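What follows is a pair of complexes built around subunit A, which joins subunit B in one and subunit C in the other.
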Partner chain A sequence: MNISAIRKIIFSAIGLILFIPAGISFYQSRHLKEPVVLSPGVSTVKRLSDYFPAIKGSTDDCHIYFFEGKEKGATLMILGGTHPEEPAGRLAPWLFAENAVMEKGRLIVVLSANRSASTVTRIGGGYPPDFTIPTAWGGQKFRMGDRWSNPLDQWPDPEVYIHYPSNQNLAYVDIRNLNRTWPGRPNGTLTEKTTYAFMELIRKENVDIFIDLHEAELQYPVISTIVTHEKGQELATMVSMMLTDMEGFNIGTEFSPKNLHGLSHREVGDYSNAISLLFEAPEPFLDATRGKTTREQLLTGKDAFVMKAGEHGLLFEKIDENGWPIDVRVGRHTSTILQTMESWTEDHPKKPLVCRNIPRYAEVIEKGIGTYLHDPKKANSKRVVFE
Partner chain B sequence: MVNKTTILLTTFFLLALLQPLFSQEKQKKAELPVLITSCGQSPGPIKMKIFMKRLKFDYEYNLQATAEDLIAKKKAGKPFKSLIIVTGASLKGMGAAGISIDDELKRIKKLMAEAKKEGIMIIGSHIEGMARRSQGAAAGDNSDELSIDVVCPQSDLLIVRKDGDEDGRFTTISKVKKIPVILFEKNMELGNVLKKLYQK
Partner chain C sequence: MNMFTYTEIILGVMVLVYILAKIFKISTELSMLAAALAGSLAGGFGIPPRQIAEGSITYLDINLIFITATLFMNILKESGGIAFVVRGILKKFHKNRALLLILLTFLLLVPGALTGAGSVTVLITGGMVAVVLNYMGISKSKTAAIIFIIAGLSAAAPPVSLWAMMTAAGVNMPYVGFFMPLLIPCVVAALITIFLLGWKGEDTNIEKALQELPLPPDKMNWFKVILPFFVFLFFIFMGRQWPHSTPIIGLPLMFLFAALTSFLLSPVKLNFIKISRDTIEQLLPLIGTLTAVGILIQIMTLTGVRGLLAVTAVTLPVTLVFAGLFLMMPVSEAILMYGAAPVIGVPLVLLFNTIGLNPIVALAGLSVIWPLGDALPPTAIIGRLTVQVVGYEDSYTKFLKTCIVPAVLIMIIGTVMVIFSKHLGFLTGL
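Let's turn to the complex of A and B:
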């Protein structure tokens, strides 16, 4: 055997050695089961395919949690997991799924809107595959996820993504971005079919207010804000004013541009009767100038490099040595959702939305998210669902 | 013979009687109907609209109001008596309207010229804090400040949320240009500011 052949065998062996643990890690990440201990307020759990059968059996056939109030009122829908790499956007609705009780009106909660995107991390990004929220009973592990659907579920990408039905040209990779494919297409890609299925749900369930939860890098101008369709401008402004005055965190409002297509705040409002809102909380983990991409950074939001960018005036949100901990980011979302219900009810007393058992901003920070996650081992197995 | 105490007491009572007159002079009054618009297409004017609606005041809300709107209203026999221009720019808002900050500044200059011609009181406003100042702008983007430059020094009155005046920008304009400024701290105080300003 010559030296060249030996060299090839050695490198192949090294490749195989690296391939095996990487493969195990990818497999475990894709198949990690996340338990949801259903709140006593959850009346029904449906599937997305109940609204559009073509999605049945696909990775994106996610659970839909329904909460019926004792008294009738409006219907509010919370969409979590549009971009699973923005964990506050999944964890805030998780607190609702495990704790909320509706007194008046109806609530619909989604935890994994783009379930496919929750099964992969940014390719080549060296992201952690998962993260754990500490709890009194040990801790709960969640998939880290990505911004885009998993290429294993939707591939290949086109040279240019032409959005349907506007025909607007978007970045090719955004054909796998759930927040660029609204209002969806029944015979399109998996991501387009998914948004189409959600539109069917919104229309069939007569959703009055639709909220899409996100997080944003500090170098992105649309941050710490509510982006609103024109139908929700007054509601969003009222919510923003109340929160800024009463809860000690700043949240602004931005109008949804009419000519920017594919985003939920534009298309859900245009293609249904619902008021569409999108909430953004700050997440330094997403900043291009961040340091180590670790679980700790994801959960504490502390990053010396992002702080440095701030010193040079390159950020649209403040950051200091306290960072942006996950509890703060989740608390912003829970308070903003609850305030939306309150401000809506004030203006629509005949179609109220009243929810209890959900902590607001200060309480989430004081007690931590883990306080509101329940031990699936101690729960009735019939009341545990896996995401 | 009148003693010192009597003089002091009389002066005190006279001043006390005259005090409301001085206060009224200090607190500028504005008249309705009012036109609310934006310079920079930020969502700020919606705050004004919400309070105007709740106060049941006679207002019109037009984010892209022009000088022609003032002329048309005058011709219709119900001229605007005051004009509120909310400063602060939003790239998303301007993008939505398909306009640039230059278009905005041109529109507002013409609108203010017509308002001055018609004797309409101009109220310059900034109510979204530092997020709608340099802190909220991309590097090299000074559209927030341009909108303030065009509106505030030419206004008859300024209404400003205090945290947006962190660097003293508005209080300096007020001092140098001798324009009264109403500063308020909490968003919900804006309702009272407008109530006091417009109620007779």
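Let's turn to the complex of A and C:
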């Protein structure tokens, strides 16, 4: 056997040794079961395929949690997990799924809107496969995801992505971005079918307010804000004013551009009766200037490099040595959702939305998210669902 | 230890290991892999299999485009299509030097533009164009310089420009709007190069040139050459015209259909398996580079080294960055090859975006300068390949000197595009 052959065998062996544990890690994170201990307020758990059967059996056939109030009122829908690399966008609705009780009106909660994207991490991003939120009973592990659907579920990408129905040209990779495929297409790709299924849900359940939860890098101008469809301008402005006055954190409002297609704040408002809103919280983990990519950075939001960029005026949100902890980011979202319900109810007393048992901003920071996550081992197994 | 010291130490370790690997004559790909692993160890991450595996497939799609496009070009060459085109152009236009030079420029631009690889241009059309240039009375050093510079520009030209694609991916920027900002400077610079180095010479010795060029099969004709390109363009057209009724097949499969058409139309019987094997053999260094670069970038991101470079770049005085582009781009390419795009390109584009420049035009400007580094040591892969294919036997330094004038002009074009990118924003069509 010559040297070249020996070298090839050695390198192949090293490759195999590395790829077996890597494969196990990919398999485990794709199949990690995240328990949801249902709140007493959850009346029904459905599947997305109940609204569009073509999605049945696919990775994106996620759970839909329904909360019926004691009194009738409006219907509000919270969409979490559009971009699973933005953990506050999943954890805030998680607190609702495990704790919320509706007194008036109806609440619909989604935790893994793009479930496929929650089963893969960003290629080249150095992301951890998962993260753990500490709780009194040990801690709960969540999948870290990506911005785009898993190529294992949808591949290849087109040469250019032409949005349906606007025909606007978008980046080819965004055909796997759930927040670029609204209002969806029944015979489209998995991601397009998923948004179509959500549109069917919104229309069939007569959703009045639709909220899509996100996080953004600090170098991105659309941050710490409510992006609203023109139908929700008054509501969003009121929510922003109330939160800034009462809860001590700044949140602005931005209007959804009419010519920017595929985003939920534009298309849900255009293709249904719902008011569509999108909330953005700051997440330094997403910044390209970030330092070490770790679970700690993901959850504390502390980063010396992003701070340095801030000192040079390169950011659209402040950052100091306290970072942007996950409790702060989730607390912003829970308060903004609750304030939306309150401001809506003031304007629509005949269609109220009243929710209890959900912590606001200050309370989430004080007690931590883990306080509101319940031990699945101690819960009635019939009231535990896995995402 | 603060984040700056921590990442600076890791960066130092990575650079040191890379230099040591090069001293021990280890290939650039393995040197980058060694640097990545050393960085991971120094950062306290051990040898992380998941991160290595994820990094290694970063450019999987690009590799597939590379392979299928090159397979198409190789089948076209083996069927005699390329020789047919070169001979056809030479016979028809040998009396008109200017037109001949223009057509030869486009012959050199097409393979690299379609595949994103300058090496494909050198291998597919470079040798034959060199024969024609020699019989036009152009010296071997000038011929080599023309082939090298235009091959580099062809790699930067659209539709597939790896530097632009990799950098855009690194900043979450869609690879959209790049066509004209890349096409115009590449075509202009290529024409300037060929006229600058090839205008003076003797009348074309057509008989000798035709004697030396390979003879295409008798049954080869223009239809058989052009139809495979039409097949490729047909799929692009269908996808754009009826995007919601056309199945998504992806660029690699489109190239495969073009290759299949060329294969079926070939007047000579082709050994498909052999051409495929040769194609992989030919591309293995490039695939290896992209795989190693992916791992390197993944580890740099994991350890925070990418962040260090990014934050350093975006906080540098802008004038210093502009003034240094002519040096930074080719040198980074010479060391990291395509790895220069995510390592240097990403922070630069972030900086340009932050200071209000047009990131698409600015990145196109950078992409035009980068390929110049492919003639410089330690890698110099395309430069050496060109010299070999052209049959240039004089000193390598003389070849580099011949490249200087067009190279400087290209650097000026690229830098001007960056500085005035905002004014040139209309080129993107967005």
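Here is the rule we use: the second predicted complex is superposed on the first by the 387 of 387 C-alpha atoms of A that agree within 3 Å, B and C clash if a C-alpha of one lies under 4 Å from a C-alpha of the other, contacts with A are read in each partner's own complex, and residues count from 1 in each chain.
One rule holds for everything that comes next: a contact is a pair of C-beta atoms (placed from the backbone, for glycine too) under 8 Å apart; a residue touches a chain by one contact, two chains touch by 3 or more.
Since this is a predicted model, take the numbers as computed values, not measurements.
By the touch criterion stated above, A:N150 is placed in contact with neither subunit B nor subunit C. Of the two partner chains placed by superposition, only subunit B is touched by A:G252; subunit C is not. When the two structures are aligned on the shared chain, A:L314 is found in touch with subunit B and with subunit C.
When the two structures are aligned on the shared chain, A:F19 is found in touch with subunit C, with no touch to subunit B.
When both complexes are overlaid on chain A, the residue A:T194 reaches neither subunit B nor subunit C. In the overlay built on the shared chain, the residue A:T181 is in contact with neither subunit B nor subunit C.
Judged by the number of subunit A residues each one touches, C leads among subunit B and subunit C.
Look at A:T237: by the touch rule set out above, it reaches subunit B but stays clear of subunit C. In the superposition on chain A, A:G291 makes contact with subunit C only, while subunit B stays out of contact range. The intersection of subunit A residues touching subunit B with those touching subunit C, taken from the two complexes, comprises 314. If you check the complex, the residues on subunit A that touch subunit C are 18-23, 25-26, 121, 123-126, 129, 147, 155-160, 162, 164, 167, 169-175, 185, 188-189, 219, 288-293, 303-306, 308-309, 312, 314.
Across the complex, subunit A is touched by residues 41, 43, 46-47, 49-50, 90-93, 95-96, 98, 128-129, 131-132, 135-139, 186-188 of subunit B.
The touching residues of subunit C, counted against subunit A in their complex, run 2-4, 6-7, 43, 47, 49-55, 57-58, 61, 169-176, 236, 239-240, 243-244, 248-254, 294, 297-299, 301-304, 306-308, 310-311, 314-315, 342, 346-347, 350, 354.
Listing the residues of subunit A that touch subunit B in their complex gives 221-222, 224, 227-228, 233-234, 236-238, 240-242, 244-245, 250, 252-260, 313-314, 316.
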